[in-house]
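Two complexes, one shared chain (chain A), two partners (chain B, chain C).
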Partner chain A sequence: MPTTEKTLDEILDLAAMHFKVPREKLSPDDDFFKALGIDSLQTLDLLTKLENHFHVELPDYELQGVSDFRTLAGKIQARL
Partner chain B sequence: MLDLTKYSCLGAVLRDALDRYSSEVCLIEAERDREKLRLTYSDFKEIALPLARALEDADFDANDRAAIIMTNQSKWLISAYAIFYCGGVLVPLDYKLSAAEHLQLLAHSKAKVLVVEYHLWRAIMQSPQFQAIATKIVLVTEAPLGAELAGAFRWEDFKRKGSPDFVMRQKDDVACIVYSSGTGGRPKGCVLTHENYLEQCRSLTAWYPFWPGVRYLSILPTNHAIDFMVGFIGPFVCGACVVHLRTLRPEFVRDAFVRYRITYVALVPMILKNLEKGLRAKFDELPKWKRALLDTMISTNRLLTRGRPNVSLSRMLLRNVHRGFGGELLALITGGAFIEPSTTQFFYDLGIPVVNGYGLTEAGTALTLNDLKPFRADTVGKPLPGVELRILNPDAEGIGEVAAHSKTVMSHYLDDPELTLQTIVEGWLLTGDLGRFERHGHLQLFGRKKNMIVTEGGKNIYPEDIETVFDGLPVKEYAIFAVNYIWPPKELGTREALVLILRLEQNQTFDKPLLEDISTRNRRLPDFKRVGGYLIWERDFPRTASMKIKRQLLAEEIGKFFERVAIVNL
Partner chain C sequence: MNTAQVTKRGQTMSYSVHEGVLELALDRAPCNEIGSLSLEDLESFSAAMLELEPQLHAVIIHSERKAGFCAGADLRELYNRSRAMEKKAAIRGVRDFLERIHRVLNAIDASALTTIAAVQGVTFGGGLELALACDLIVADKSARFAFPELRLGLIPGFGGIPRLKRDVGNAVVRDLLLTGRSFNATKAQQIGLASQVVAEGEALRAARATAAQVGKFDRQTSAAAKQFIKPVPYDELKKEIDIFCELFERPAVQAGLKKFVESTNAQPYLP
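Our next item is the complex of A and B:
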């Protein structure tokens, strides 16, 4: 199983690629709404991409209140 | 449907509905494409009554308050019914608020009971202010076995055998305390009575009835006045079915329309706009000849349904579009924010009427609604039966503050007599919204009173009204403000001007065509209404649960970040 750090790295890579933001501009504790400049609908799109990448399912309601990459990584890691 | 005039409280009418429609399906809950639960009215009763009994045994009495913080799901409605059954007062809180805000509102409402989803409870438990929580009984749904709950009970285990005693309430007793999404720090708890809800339900169903077989897709948060009425009380008193989808991912929402052959859905304007965008993109992908055929069908439909909707005709002419929505959709319901007329017209032309309305938490759900006789994209409809509206101090163009008198208007603000006195004057609710009636009795809205600007020439300008000229501007979002609203003038006589705040799409740059587009639109306005300059804002606009821009908050953020001189002149 990958480590949380590796999961976090993969999330940041994927987010940077998908929303065309330079990877070096993203850090683990960033608010992804602000860092990626996305709204709640686009966030759902990001989550779908992450689910496909990690082969997990993340219910929307579990992510209520989650806005930083690190906590998101923790949620994904718990399902790997 | 049940005759609501015969009832004095929501608990009683819901109790009769559960018996009257016992074999009908009342709730379907789906996790993505997997159906998790399907309950008949009789099943619903069987789950709710042991919960009501357990609440009674825990000394939850008539008039005690119980808060719910949950996303849309069956346990929300089951818990609400159990609370009403015991004669309690429901406090539906917005699940999108932060844990600190939840704790603040729990304290303000003095809720004795809280029903909350596990993931939200976990956030509340981790909040620094958690120790001060005074709510005695907390019921947590979906908590994993063995999870640390800080003294809370698992909702699933909180039940008792034996019939609970039904507690009857009177019409003027309090049914709910609903916090309106004001942007200030002062909590505004609207105290709504049983009569408020019974009247609202009666007037709404008079124009848009539900019946057994209707399936309503519940997407707006149930804590919001619209979904509480059209996604719970309305369908239940008519024996209809509510579909809860536990995700808002567009791909599953689209599937749900088809899978459950949805009849009605209420949406915020932003989601509606998104649907429009998706459909337009699909239409653009069609081969030329198919596109031409579609355009012809749309024009024919528009012509033939000019006077009033004709659903069967529209379904025949535009079969594929309607199939994409499940084939049984009667209307999309919207409200709660200003919506672009071009969007509602787009759907109407496809044979899917958008029922636009206007309301505020203080007045229950809706004050006006479009009756589609005929459809009007440029108004928020006519006053609902039983609603009286007045325009106070109208100016030369007939525009003034909208005041409402209706049995749906709240009793008062919780523990705030001063604000109540300012808001309800001699039985009239002052909405703070500016509007006028046009000659067919439709209400047109222009903006919030506090956002209005009086020019040097004595003319009134409403930033929200001017925003409509920029409908369809190819940017992510935009708003117009009075410059003095963002940067209060330090000296008298500072000239009033308007500024256009632009939030660009990801990777979009402010280029010449965009500037020209803005300038062209600006020139369409009379000179005293023109926007003086623009500012690029690099964050999403803060919005309320119903997706209205939090204008005051946005103005404060901009004011802190930029100086007045940063405005680029147009």
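Our next item is the complex of A and C:
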């Protein structure tokens, strides 16, 4: 199983690539809505990308209130 | 009508015929929300489908919007219209809208043609109900499905529950409805909702290939098979309209709609 740090790195790489944001501008504790400049529909797109990448299922309600990459990584890690 | 000349552009969607396949392209920003203009266009499409039926073998419904197939009913229009009316008039308006959209979706569901929804991105609420009326759902990997209505104090109103019950198992029906959660295309295929999952941007191509295959078979046989394997749950569909209208009368629904419409939350779709 990958470490939480590896999972976090992969999330940041994926988010940067998909939303065309320079990777070096993203930090683990960033609010991803602001850092990526995404709206609600794009957030669902990110959720789908993460599920497909990590082969996990992330029920929306488990992510309610989650807005930073680090916490998101923890939620994914718990399902790997 | 000569199918070679059939191309019609409405205000929210357009349709055209290619090689015996009637293709409906949803195209209303931001994500094909279904309001009164969409309903008029859907009614026009439904009439064309019936008229052209002898010259067709399949129907494909897809979206021109990258954000998704369809985000469901236009809740802003629903809220603003119902707020401007007296309660009884608002309920009558809602019932009229539901009865009209049910006629369209029932026509798609019961059509003798093979109907295919090619979906990507957000396929929520009324969007999922439109897809469920079709015989086959071809989903690309970006597709995401949900029935978020319960968070507004409502149930799906465009035939979602009877059709979902017809097509998938109880555990899925209850999970989708009672939690309002969304799930991706892979899960949709696992539970028997989507028949194919393809790479992003490939749903329409795959749907066209499927339609071409369908066109090789005798149409009457396909229609007979469809009638046998896909009965339309008319009684439950009628009951759904009644339950929706009863729920819509409650003040909690207006409060839920208000909250949704006025929300500046970055996650308004999440329950």
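The rule is short, and it goes like this: the second predicted complex is superposed on the first by the 80 of 80 C-alpha atoms of A that agree within 3 Å, B and C clash if a C-alpha of one lies under 4 Å from a C-alpha of the other, contacts with A are read in each partner's own complex, and residues count from 1 in each chain.
As a convention for this text, contacts are C-beta pairs under 8 Å (C-beta built on N, C-alpha and C of every residue); 3 or more make two chains touch, one makes a residue touch a chain.
Because the structure is a prediction, the values reported are computed rather than measured.
Trainee: Answer with first, second, both or neither: which of chain B and chain C does A:37 touch in the superposed model?
Mentor: first
Trainee: Touch test for A:48: chain B only (first), chain C only (second), both, or neither?
Mentor: both
Trainee: Just to be sure I read the superposition right, which of the two partners does A:19 touch: chain B = first, chain C = second, or both, or neither?
Mentor: A:19 contacts chain B only, not chain C.
Trainee: Give one of first, second, both or neither to describe whether A:59 is in contact with chain B, with chain C, with both, or with none.
Mentor: Once the two structures are laid over each other on A, A:59 reaches both partners.
Trainee: Show which residues of chain A both chain B and chain C reach, each in its own complex.
Mentor: Common to the two interfaces on chain A: residues 33, 38-39, 41, 44, 47-48, 57, 59-61, 64.
Trainee: Okay, in this complex, where on chain A does chain B touch?
Mentor: For this pair, the touching residues of chain A are 19-21, 33-34, 36-39, 41, 44, 47-48, 57, 59-62, 64-65.
Trainee: Considering the complex alone, what residue numbers of chain B touch chain A?
Mentor: 31-32, 71, 95-96, 98-99, 117, 119-120, 123, 246-251, 270-271, 274, 476, 506-507, 538-540
Trainee: Going by the contact rule at the top, pick out the chain A residues touching chain C in the complex.
Mentor: For this pair, the touching residues of chain A are 33, 38-41, 43-45, 47-49, 51-52, 57, 59-61, 63-64, 67.
Trainee: Where on chain C does chain A make contact in their complex?
Mentor: 30-31, 67-68, 71, 121-122, 141-144, 146, 179-187, 265-271
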